[in-house]
Structures are given as structure tokens and as C-alpha cells.
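One chain, chain A, links the two complexes that follow: it is found with chain B in the first and with chain C in the second.
Moving on, here comes the complex of A and B:
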């Protein structure tokens, strides 16, 4: 922009600019009220002692004390580790499954709506419901998972009460729930690829697999990045499904960062410490998102 | 190299037939243009030859093989698409070499063939660019490059020039004709533009509503159109086709609106009949007093010659006149009609009376 010539605004341009600001003002004020103000309040809280169960202590400024406490808090470390594991498993999982679903839904079915509906339903379902449904699936006595094991002549498993299995079951539920969103994003991407690309490849002798590798995947890259960003941000905030399925148990073995923040503030009433944890989570989210965004901006495949 | 035999080919989508038993015999090395208005089935027929559409009935033969059930990659054809179908994430060189790489040709051979093709098409300096950085005409060349590196038995072109402006279209037309002269490969070329058809084709197949109206050389479809459809479709401006009646002794022909003109001896073939008289613009001229009275409606000077729309009795006819002709809108003239060059069509069937 530096090489554009700066010129005085004409009266007409000035009045247009004023009108523009006036039109933007309501939206800006609304966002300020529901986003900006809470974030500022959160950051302010994180530097104060604020425990609702100890009202006699007041809310003194404590500097970085809450943050220092987090560094030495084993339960916080575990929650971070679990969250990272959920991200590492469910983000690629949902993208791979979602890609498969999108490719399936992009086939020339004569009747399209049942496929689209099947794709949309898991997405439209509230997260807690999805958690409850999978909790029933993995319930010890009557769940479908153990029923299948018994049907195969195997011993039923303690799905939700042994740490490794509970983690596995929760990941499965998250992938099921979130892959439909990924599939929708990728399906939109697939539909922007001209049919003639595949026809030209067909005439040129490419097999279906070669067409997928040479056309579909590279052309889908921008959509895959979008899906990855959205999926990663929501995965960092994972809460509802493990909350409904195990409530973080057994022990704290499936507890995520969001759940620990929730427990600290809502159950233990420690607003100051909870705010500090939330700020830390916010920073992690922002850093990961900016890394993705930088990558997409550099991506030479975009045109 | 191979000829193509299309025998009784039918295409239907569900119960809707779009191609009704087409027969077409393309000789080895021939340049055949399929032309017709949109919806006539020309692109569908081309896509059936390519294998991108299934064949409902009849047989398609490339060389001596029936290809009805062969997938496109086994037909040894190359196709240039209307939108060029260039992959935006690949360089020009990679696009041109795509087909060879898919078939497992080694990298050195691909590089050599790509360079050869690039030289022929004068795109060597573009090989490292992406299609997004090219102009329409350059993309068109790249698309042709991708076809010629494959060295196929048959080239198929699906309206390849329709996305270009008029000047580039004329340029690329010459380029395509040169390529055909150089390689001598059989070409089937689809267009809705009769100028492309006339200038490129060895033979033109004019399609109408799923059947072939006429299949002949450009000269023949111009001089001996089989029907009013062909007569109107080929040639610019379109042939004048006006209702007329030939008297029983075939000495004169009466145009709608009453003007009577002496008929040439050949009109005896339609004595006493109502006909459609077909006369090309170049067969109208300004005559002396013996001409048919007419009024000039619109004058369109083209530089090399001048077109004028004339009101002759109850009908309008377009004539092509020398630029020096004294024409002005609203002026009265006497027209000479070269009726020995005229065509007679049956008003019921639209077919030529011969």
C-alpha cells in the first residue's frame, strides 16, 4: 500500500466514509459487549485472587500468582496432555473419515437427499446428546459394544471405567460427531472441481486412484485446511462428549483442559485460578490457529 | 491412425432419446466437423466416441475395434475440452506430460516429448508457468499440447475455441488446421460455429435434433444443401428462403407479394408447385429496368462489400453488393435474381427438390 499516492479525501468520500463507520457501529458495539468485554474481564480476573467460597479474602491483585500455580499443578498438566492427545487423534481421524464421507456423498446418486441428510444429522445433534448416545453404546451391561463382544464369544470390556478404553471410546464418539462437519466442508470443496478435470484424466489414462491423488487431493487442499483449522479449534475446547460419557473419569484420566477449567470455576468456585487457566487455553488456541493461517497463506497450491 | 465407423448409434437418457440412429463413416486422416445448434446432440456424439457417455444402441468402431464397452483410456484417443481442463496446481509442462506420466512413461521420454510438443505449439517459454498465469489463447495451446504428446489414433475437439475472442479464434483455427496438415491424424471436431466448420473440415456433418441432416464437403453443403435447415445454417448471411410458386408451364416463378420472374429451364422439375425459393445473398444484384422492383430497408457496409436488406413484394431478402453500389435506406432499386443459382425446397418437408 505504501506506493499508492495518498490524496486528500473529497467531501463526497468523507461523507461516504462517515456513513460506512455509522453502519459498522452497531455490529462493533454488539461484538464489544459479548466478546471483547468478557475477554478483558477474564484477563483482569486471572491476575486477581477471586474465590467465591472464601468471600472474606476479597479480590486482591496477585500478579502472576495464578499462572505460577498452574505451572506446578499436576492436574493441569494432565488435562493439557489429554487435550493434546484428543487433538492428535480426533483431528486427523475426523478429516480422514470426513473425506471418505464427502467422496461418498459426491457420488452421482439418483436420489441425493437421504445421503445429505445422513451427513447432516450427526452435525445437527447437540454434543451432549452424542455423548449420552455413545455412553449407552459403551455401557457395561446393556451397551451395543459389549453385546457385540459377547456375540463374538469374547469377554465384555469395562469401556468407560478403564482409562485407555475410555479414551478410545471418547475419541470414537468425537470423530463420529465431528466428521460430518468436516465432510460438509470437503463436499463443498469437491463440488468446485470441474467435471472436465476428471474426464480429461480419464481420456489421458489415469486410474481412479491416480485421479484422486492427482486432482482431488491437491484441488481439495484449501478446503482441507479450513476443516483442519475449525476442527483443531473445537478439539482444543473438547468438553461436552467426555463430560457426558465419563465426566473426566476414571480418576482424571479423560479430563480435558476445558473440563478442568469448568470444574475449577463452577465446582470449586475458584474464579481467579480458573480465569488464568482459560487465558492459557486461549493463548494455545490463538498460537495454533495463527500457525495454520500462516501456512495457508504461504500455500502455493492456492490460486 | 484410424478411421471411425459409427453405425446406427442411439443415445437415450432414461426414456428420452437424444440421438436417433446416426450413421457416420470417418476416413483415416480425415478432419470431420460436427456442427449444429445447441441441443442437436453433437457434443453427446463426440463424448460417446470418447467413451465419456455410454452407447445406448448401435456400434462405434475406431480402426477395426468396436469400442462400445472400452473405457476412454483404452480407446487411444486424445480430447481437447471446451474449458481446456488444465490442472491449476500443475505447471504447463506437467499438464502437457500428464497423460504420459499416468501411463508410466519414463521421465526422460516425457521431457523430450513435452519439449517437442511445446516447440510445435510455441509454448516453450511457458513450460514452467501455472495455467492461471496464461491467457486464453495460451491455455488453448497447452490443451492441444496435452493431446498431441499422446500421439493418439484420433483427436477429439469439443468446442475448443468458443471461449476465445473473435481474433484469437481465427488465429487458433489456422493453428489447428496446420496441426492437422502436419500430423494427418483423424480429427473429430464439434462446434456450433458454421465458419469454423467450413474453414476446418474435410467433411461437415450437420446435426439437427439427434440425426444427421447432411454429411458432405464444405463446398457441397454450401452449394447443394439437402434441406432448408442446412441452407439456413451454413453461410453468412443466411440463405434467403422465400415462398414462391412456379407456373404450370414452368416459364415463370411468382414470389409471394406478386413479383414474377422468368424461370430457368431447370425449374421444370417443380412445375406448377408451391416451393420455397432459396437464393444466397451473392446471387442478388442491381439490375436495369428489367429487374424486380424492390425497396432498400437497411444497408450494412462491410468494407469489402455491402449487405442490404431488400423488401421485394411481401418478402425480405438480403443481398451482397459491391461497396460502390448506390444504395441508401428507403431507396427504390431494381433487383436482378440469378435464379439459375437458386435452390428449390419442398415447403412441407423442407427438403431440396432436385
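Moving on, here comes the complex of A and C:
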């Protein structure tokens, strides 16, 4: 089959095709160098002992030893649990808040830029800055959260040094930071919904709530799915904000999987074990993404 | 034809002249050395010192790169630089706990060859603890830059006002703090602070009371945390917390916050390092100038006091491209002149016993006279190539305990389990 196609190509087409490959090659090679090569290296490392603080041990092949170690490592279990909790709280949180923001920004304001700027700013702020800012909000002595509690005549709280409150504070920061991205995606979706639908609904006497449920939500579904996928993947990789706010503390009660991997590789220089943890995280992300993708493909709301 | 020839000739001549100029410039050109230091190790003073060096050595240009405030933050950055064998840094200021780890990872250029025949004479000048810390398996891994130990800083004015002596035991400290806090009635005034955040300094928050009760973490290379002494640090900090002497947010306090709180007049007693003195006495925003005293840390009994040894060393990166020049600068930075300069400008404790009694040094730091025996008796955190892991286990569990998320038994149990896997 391919032979017949190739025979049918004129010399001009052939050279066009060669040119096409040649022009794609740099991008492909770059991608291979920064994505494929590290992934292959990561997987290879995960089957070896490789501890840079103990160079005399060499890098012997150890089979699944690193993976077996991970399955029995309490700290890995805790980090996975914390990550799952962050996903369960911050993904729906960001989508709900983001939807609200998008609906607000979609209102026919005469001056649009303040709302748009308000949407863009948290999104444009580097994650670690957001973490540092919120850390000061929740700091015990000088933080605004405790200043408000004191103003109300209440006792100040140990926001960042008690596990429950620290989790809450971190989730708040993540939702604040990420809902604006969700809002931007949803706003784009909202603007594709024809005005005539709402006008027709108005004529038929539908309430605002009915319009929202029967027109906005179904029409917005593809956009919501896109936002969910992106938000979930970034939530699985949560690192910067808890790193800046608590560095995983108190103890390691707010430590995420990405933080534990960072600690194992960058701090402890245990590249073998850290790679195994990273491969496990990669698998989890890939599985969740594929579930989402399958769901979107089946989604009738797309057309 | 001729014109083209001449043009080509001219071009060649021009090129040759250019090369010659570049060569001449190269001969004069400078070796640029880049030195890495932490934000808390007074980079401003380092800058003054290397400026002096550059004046005396015009062929050398020294850049100072400033890293994170805490030891583990700096090491995190250095891990990525050195694991990738990056030659960007020539000299690096490293914590006293690191030489063993650096020797094992082969990140530091052994300095023996650069010291030559003088090696033994040079090393003999230092305080024994620093000589020992910087020689690993017979090789000089780094040269001491300044010494350090933890001391008890106290508000001289408040103690005098309430007729109290500087405490020699933790019980005396607790009683003094409670008395002053009750009498002053200032809601912002705290009794005592030590590092409690999950940072390097918090390792000492555990070790100091452990040593104070007469035990050490390791015995013959084996973990030694099974006895009653291993619980003493938890009991001590729980006791001070219950008495409201330590603040409720102790678990979020890193080393330099103690200095800041003291400087703002909000702290009676602080357990911290030598640099604090100079900042409290000289910083423009210090509200406690002339109101501070420094004494050795308290113990469980007055006759058994313990403290953590600290201090910073200059290492030459094994990946530097200018090792000979870097080693020369390292020797200069580790000289008695520089030690004196640092003592006066930054209250950095000297690594040479003689400098402690220098008249100018004592004028700037009257307490240095009593500091020498403290530094001499200060003890070392466990020496191991896997120190980053050891430190992380200790500080994380200590932090969890101070935050109240783990009981003493849980924290000690988790610490013992994880440390046991390292010290097998």
C-alpha cells in the first residue's frame, strides 16, 4: 500500500515531504532531548542504586528494589495521601470559584479591564510568590489572618504549624492561585455561547437559574473538562505553594509527593529511589489523564 | 590584482594586530573567582574582605554569590550545582557539618597539595575542633573561615530590673522568664526561643539537651537513642511550652527570627549563634543596643552545659577551573587577619585561639573572653556522608513534636526507626 502511494508521489511532492521532515527535525530533536531522553533516563535510574552522597557504592542494577522500598515507605504513603487530598479539595474548589469568576467577567460591564486584570494577575504571579505571600498572611505574629482574629477578640491560631489548619491555608492559596486560570479557560468557553440562545430562553420565560442550568452548563462542558484536566494534572504535581508556605511541615504533614521526590533527589541525592518515586507519580498522572480523556471522547455535549 | 592583494594583506595584518592585542589583554587579564556564601553569613563583610584581597592582588577579581539564609537551603542549591559538576563556583562557604559529606561526594578539592610542606603548621594553628572537622581521612577538605557555637542571649536590662542573675540551668531560665513576663505585662514579650522550624538549626534544639543529660546520639558508630536521656529534650521543650515561656508558634521559628524578635525587644532569652551580637548592637533598627548579655547555654544542672558547634569553612570546588588561585584565596580567608576583621565587623568567632584576646576584638565583643571555653567545649553533630538525611529526620520530627502533631514517643520512635536505617 505504502509503496503504491510512494510511487504516485511526484518528485516535487517527494522533495516537499523531505523538506517537511527536515523542518520538523529540529523541533523533534529538541523535544526528544528535553522530554524523551530524561524520561528514559529516569526509568533507567529507577532500576539502579544511585546515591550521589555515596559514590563509592557505584550504580549497580537493583531490579525492582526501589519500587518495593516505595511500597513499604510510610512517608511515601503519607505523601500520596496528602497529594490526593489536595487534588480532591483544590480541583473542585478551583473549578467552582473559577466558574463564578468567569460568569462575573462575562457580565456586560462598561469597563472590562479591572475584572480582566483581576483575573490575570493571580495567574501571572509565580507560584512560589503566591506561596510566600500566603505564608505571611498566615504567619502567627504579623499575619493578617491572626490580626483579623485578634480584631474580633478571638485567640490567634497556629495556622502553619498545625496540620489541619496548614492544609486549609495551603488549599486556600492553591485555589486562589489556580481558579483564575480555570476562569480564563471558562471565559473563553462562555464567549462562544451565542447570545440568541439566552434571548430565546428569555422569550420562553426561563429564569436565570434555568438558563444557567440548561444553556450555560451544557455548552460549557467541553471547556470545563479541559480546565479539569489541566487543573488535575497540576494538582497532582503540587509543589511550590506548600514548599513556600510550610516546607511540608509541621513534621511532614503537608508534604506532597512532588515535594518528597524533590527532597529525595535534590536534598538526599538518592537518585535511584527518587526516580522510582517519580515514575510512580508519572504513572498516576497518566492514568488519571487517560480516564479524563476517555470521558471527554464519550461526552455527547461536545457537539 | 594589486589592490586585492593589499586589501587581503591589510586584513591579515589587522587580524594579527587584533590577536596580539587580545593576547596582551589576556596576559594582564584577571582570574575571576566566584565565591558562594549564605545570606546569613554576612556577605557584606565577605565583600569588604575580598575587596581588600583584590587590592593586594590586582590580577584577581572576586565575585560574591549570595545564597539562601539557612544551611539546608544553601545545600539544596549547591547539590544541583555540584551534582552536575558545574564549574561556575570556585570557592564555597560550607557549614561545619558538611566536610565529611563533601569529601565523600568528591565535591571539594583536597587542599593538601596547595598547602605543601606548611600543611601541618597551618592546620596546627586552628582550634582543635575545626582542625578535626576539616581533615577527612587525612585530607584537608576545607579551611575554617569562622567558628561558632550557640549561646544564651539575654536582656541584661530586664534581668537587672527584676534582680535576676543570668540563668545557669533550664529551671532558672524558666523561673526568670516567667517572673519577668508576669511583671512586665507586655503581651508581645516572649520568654525563650530556639530554632523550631524544619531547618538545620532545629537539629541542635534536640542535641543540646541530649548532650546536657550526658549522652550522645551515636555510640561507637551505632545509634544510641534507646535510653531515658533520648527523651530529655522532648521533656524540656514540653515543659517550657507548658509554662508559656516559649511562644505558641515555636515550630515556625527559624534561626534568624530569634535575632529579629530579640532586636525588636520582644524576647528575653534567645538560644542562638555568635553573629547575633553584632546585629543587636549595631543594626540601625535595633531597640536593644547595650541591653544584651551573652552567657553559655544553661544545662539541666549548672555544672553540665552543652552547646552545638557551628562555623563556616571555605572549600575549593573540585570543578573549579582556577583551583590554584582559589586555594590562595581560601588560605587568605582562613588567616588570622581575616578572622580579626570578621570578629570586629560581624562578631564572627575566630578559629584561632589567639584572636580571642586581641584588644580590638575584645573592644567590639567584650564577651569573647568567656566565649573561647564555650567554643572549645562545643560538640559536633553526627559526622556522616549522609548527613542531609540524618538532619532532615531529626529536624522534621523535632518540628512535628514542637508543633504538637507528634507526641514525644511518636517523634522519638520515628526518629529512631529512620536513623536506624542509616546507622546500621
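Just so it is clear, the second predicted complex is superposed on the first by the 287 of 303 C-alpha atoms of A that agree within 3 Å, B and C clash if a C-alpha of one lies under 4 Å from a C-alpha of the other, contacts with A are read in each partner's own complex, and residues count from 1 in each chain.
One rule holds in what follows: contacts are C-beta pairs under 8 Å (C-beta built on N, C-alpha and C of every residue); 3 or more make two chains touch, one makes a residue touch a chain.
Note that the structure is a prediction, hence the values are computed from the model and not measured.
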Query: After lining up the shared chain so the two structures overlap, which partner does A:141 touch, if you call chain B first and chain C second: first, second, both or neither?
result: second
Message: Quick check for you: in the superposed arrangement, does A:161 touch first (chain B), second (chain C), both or neither?
response: second
Query: In the superposed arrangement, does A:22 touch chain B (first), chain C (second), both or neither?
result: neither
- prompt: Of the partners chain B and chain C, which touch A:266 in the superposed model: first, second, both, neither?
  reply: second
Message: For A:34, using the defined touch cut-off, is the partner it touches chain B, chain C, both, or neither? Pick first, second, both or neither.
response: neither
Query: Is A:53 in contact with chain B, with chain C, with both, or with neither (first, second, both, neither)?
result: second
- prompt: Which of the residues in chain C end up touching chain A in this complex?
  reply: 72, 75-76, 79-80, 83, 101, 104-106, 188, 197-198, 247-249, 251-252, 385-386, 388-389, 392, 396-397, 399-406, 411
Message: If we count contacts the way the header does, which residues on chain B are in touch with chain A in the complex?
response: 50-52, 71-73, 77-79, 81-83, 85, 87-89, 98-99, 102-103, 130, 132, 146, 150
- prompt: In their shared complex, at which residues does chain A touch chain C?
  reply: 52-56, 139-141, 156, 158, 160-163, 247-253, 263, 266-270
Field: Complex contact set, residues of chain A against chain B
entry: 194, 196-197, 199-207, 210, 214-215, 218-219, 221, 301, 303
